[in-house]
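Both of the next two complexes hold chain A, though its partner changes from chain B to chain C.
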Partner chain A sequence: MMQPGFADPVLDAQSAFRAVLEALSHPGRIIPIAPAPIPPAPLSPAMGALALALCDADTPVWQDGGAQAADWLRFHTGAPFAEAPAAMFLFATGRPPALSTLNLGTDEVPQDGATLVLNVASLKAQGTLRLRGPGIKDEVSLGVEGLPENFLAERAALRPHFPRGLDIVFCCGAQIAALPRTTEVI
Partner chain B sequence: MTNAPTSPDRTDRQIWMSVLARASAEALREHLADVPPLPAHRRLKGPDTGLVMLRGRAGGDGTAFNLMEATVTRCTVSMGEHMGHATVMGRDLAQAELAAAIDAALQNPELRDALMASVVEPLAASQDSARAETARKAEATRVNFFTMATMR
Partner chain C sequence: MNIPVNPVAEQLAGYNFAYLDEATKRMIRRAILKAVAVPGHQVPFGAREMPLPYGWGTGGIQVTASILGPRDVLKVIDQGADDTTNAVSIRRFFGRVAGVRTTDRTREATIVQTRHRIPETALREGQVLVYQVPMPEPLFRLEPRVSETTRLHALGDYGLMQVRLYEDIVKHGEVATAYNHPVMVNARYLMSPSPIPSFDNPKMHMNPALQLFGAGREKRIYAVPPYTAVQSLDFEDHPFRPIRAPHACALCNSTESYLDEVITDDQGGRMFVCSDTDYCAERRGE
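Coming up: the complex of A and B.
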C-alpha cells in the first residue's frame, strides 16, 4: 500500500531543504529533519525527506530499497531511475556501488557530481571520524556506525580528482550528517 | 475528449474515471447521497491545481501541435488497499478529491455495484443526453451549400 509523502508538500520540503543546506555547510554536524515522511522500509525517514525535497523529473535516481521503495519514489518525486553511474542522487540502504564508478561531474561542471545518500546504523556527535575542511573550525568529530567496509578509503581515493567528486549524506532515522567533497577525514 | 465514452477498447475503469472527471462536485455529492457513506480515505497527493498542455492534430497525417493549456486539478487518495486518481478540468479541489475517492471505492468489488448503479450510470446517462442535446442543436444549424453539380 502506498505511503503518503510530506503532510505539507511545500513547507515540509522547504524545511528538509534547509536541513540539507545546514548539514552540507557544517560537515559532520548532525541535523534533525522534522517533519519527515514515513517511506516504505528500508528507506529511512530522513532519506525519504531528502528524496522528496531534492528529486524531480530532471534528476535520475538510483536506489537499492526494492520494489516498494521504487514505487514510492516514482510516485512522489516523478524522478526517472538510472544505472548508478548515470544517477544524480543515489539512495543506498545497503552497500553502495563502488564510489569511483559514480558520476563525479566534470572539471567544467563539478556541481553535476552525484550525491550519495547512505543509511547508517547510528550517528553520534562524538566518535572516531575526525573531519577537517571548509565549514569546520579546526576539527570536528563524528561517530558513524554501519559504514560499508573500505568506504572511507574509497572516498579518500577520489580526493585527487577535486573539484570533481561526490557529496555524501548519512541518514539515520530522521537525522542527517553530511560529508561534502571538500571535507577531509583525518 | 476524443474517445467516445463507449468505444470498445476502453476498460471499465477508464470509462468510470472519465464519467467522474466530467461530473461537478455537486452532482457527485447528490448521487452519493443514495449509497452508504464511502469508507475513509487518505490523501496521497494533492489535490493541487496546475496546467496541462492540450495537444491537437490537424488531419490524419498532421503533426501534433500545442493547442492550448488547460487548468486542471488532480488528486490521488488511498482507500484500504486501493489507490484512486482523478484529474478534473478547472480548480475545484473538492471535486478532484471526491472523484478520486469514488475511483478508489469503485475498485473495491464489494462497493462497486452499488456505486455503478447510483453514481456512475446516472451521471453517464445525463452526460450522454447533454452531449446529444448539443449535437442536436448544432445539427439544426447545418447548411448544405449547393455544389457545382447541382447548380443549373
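Coming up: the complex of A and C.
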C-alpha cells in the first residue's frame, strides 16, 4: 500500500521548507525536520519531506531508490523523472552520479544549478569537515559519515566555476545539513 | 501604544494559509533557496497578482507569504514606522489570511517585512528581514537592457557603476547617493539594497539575520544569507560615508538613530524625529 505524505500538506510543507531555508542559511548546521513523512525505504524521512515540500510538475527529479520510492514520489509530488544531468532535484540514497555531470546552471542563470539531496550514515555537530563561507560566522565543523568516496574532491573541483554549482543537502533520518555552493570545505 | 504581541486575528475562511496557493509557494520557495545559495544574484520568479497594487510591496508580501508559518510573529514597517498605511494594511492582511501574531517590537518578531529601512534594534540569528524592492537591478539606470545586465552580472563587470560614482565625485565632490547605494555581496554580485538610506547599508554587513528581497513588478527575488560580507561600493580615496542628519531626535534624544525631518508649520518650523517608531517608543519607555 502507498505510504502517506504529509499529514497537513500546507503547514508541514511550510515547516519543512523553513528547515531547508535555515540549513542553507547556516551551512553545516544540523536542522531537524518535524513532522516528516515516512517514505518507502531507502528514502529517508528528511528526503521525503524535501521532495514533498519542493517538488512538483515543474521540477524534473532523479532518484535511485527503486520502484517503490519512484511510485511514492510520483504519486505525492507529480514530478517528472529525468536523467541525472537534466534533473533539478536529485535524491541519492546510494552513490550519486559524478557531480561534474549534473546541471550546474550557467554563469547567467546560476539558479539552474541542481539541488543534490543525499542520504548519509550519520550527521554530527562536531567533526572533520571544517566549513567557511556565507552563513557561517567564522568557521563551523560538521561530522558526516558515509560520504561516497571522492565526494568532497569532486565538490571542490566545482568551486572555481562559481556562480555555477550544486547545492547539497545531507539527510540522516529526519535531520538535514546543507552545503550550498558558496561553502568552502577547508 | 500597542502591546508587544497583538492577539491572533480571526482567520478568513475560503483562503489558503497565507493567501498564496501551494504551487505558487513551492515555486517562490525554490527561488528563495537558490537566492540564498547564490548571495546577491537575482532569481526570476512568477510573481502573482496580489490584492494590492504594484508599488505597495507585492514582492515582499509574496516572499513573506511563502516563508510564513503559524508560529511566526510578524512585524511590518514602512520607512521605519509601524503605523503608516502600507505597514498597517500588510500586517492586517497577514493577520487575516494566515492568522499569525503581529507585533511592533523588533525583538519579538521572527519576520520583519520592511519598506526601505533596517530597524535600529540589532537583528539576531533566526530572524528574517524581508525587503520590498521596487527596482532590483542596480545597473538599471546605466544599462536598460536586461539581456545586457544579466551578462554584466555573469561577468562580474561592474565598471559602469564605478564610473557613475566617479562622475558623482567629479561633479559634486562626493558620491551623491543618499539612498539605494549599491553594494557588493560576498565580493561577487553587485546588488541594490532597495532604497534604504545609505545610513542603513553598514547594517547589512555580517548581519546575523537572513535578508530576503522581493520585487513583485520586476519579478525578482534575491538574498543575503546571515554573516555575509556586504560592502558599499566606494573608492579608496573616497570611502563610503553613511549620511545622517546632524541632530538629536526631538522625542527620544537619540543621536544614533536615522532621523526624519518633519515640517511642523508654514513658518519654516521643523523637527527631527526617529524614523524607527518602535526604537523611539522603546527609548521613551513606552
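Please note the rule applied: the second predicted complex is superposed on the first by the 186 of 186 C-alpha atoms of A that agree within 3 Å, B and C clash if a C-alpha of one lies under 4 Å from a C-alpha of the other, contacts with A are read in each partner's own complex, and residues count from 1 in each chain.
Simple rule for what comes next: a residue touches a chain if its C-beta (ideal position, glycine included) is under 8 Å from a C-beta of that chain, and two chains touch if they have at least 3 such contacts.
Quantities reported herein were computed from a predicted structural model and do not represent experimental measurements.
Annotation for the three-chain superposition on chain A: chain B and chain C fit side by side. Once both structures are fitted onto chain A, a short way to say it is that chain B and chain C open up an angle of 90° at chain A, using Cα centres and rounding to the nearest 10. Once the two complexes are laid over each other on the shared chain, residue contacts for A:81 go to neither chain B nor chain C. Measured by the number of chain A residues touched, the leading partner among chain B and chain C is C.
Within the superposed three-chain model, A:2 lies in touch with chain B and out of touch with chain C [touch as defined at top]. Once the two complexes are laid over each other on the shared chain, residue contacts for A:18 go to chain C alone; chain B is not touched.
In the superposition on chain A, A:111 makes contact with chain C only, not with chain B.
Overlay on chain A (Cα): least separation between chain B and chain C is 11 Å.
Residues 9 of chain A lie at the contact with chain B in one complex and at the contact with chain C in the other. Against chain A, the residues of chain C that register as touching in their complex are 16-17, 22-23, 25-27, 29-39, 41, 43, 66-70, 125-126, 150-151, 153-155, 186, 188-189, 208, 210, 225-229. The part of chain B that touches chain A in the complex is made up of residues 42-45, 48, 76, 78, 80-81, 83. For chain A in complex with chain C, the touching residues are 9-11, 13-15, 17-18, 20-22, 24-26, 53-56, 58-59, 106-108, 110-111, 113, 115, 134-137, 162-163, 165, 167, 180-182. Listed in rising order, the residues of chain A touching chain B in the complex are 1-2, 4-5, 9, 75-76.
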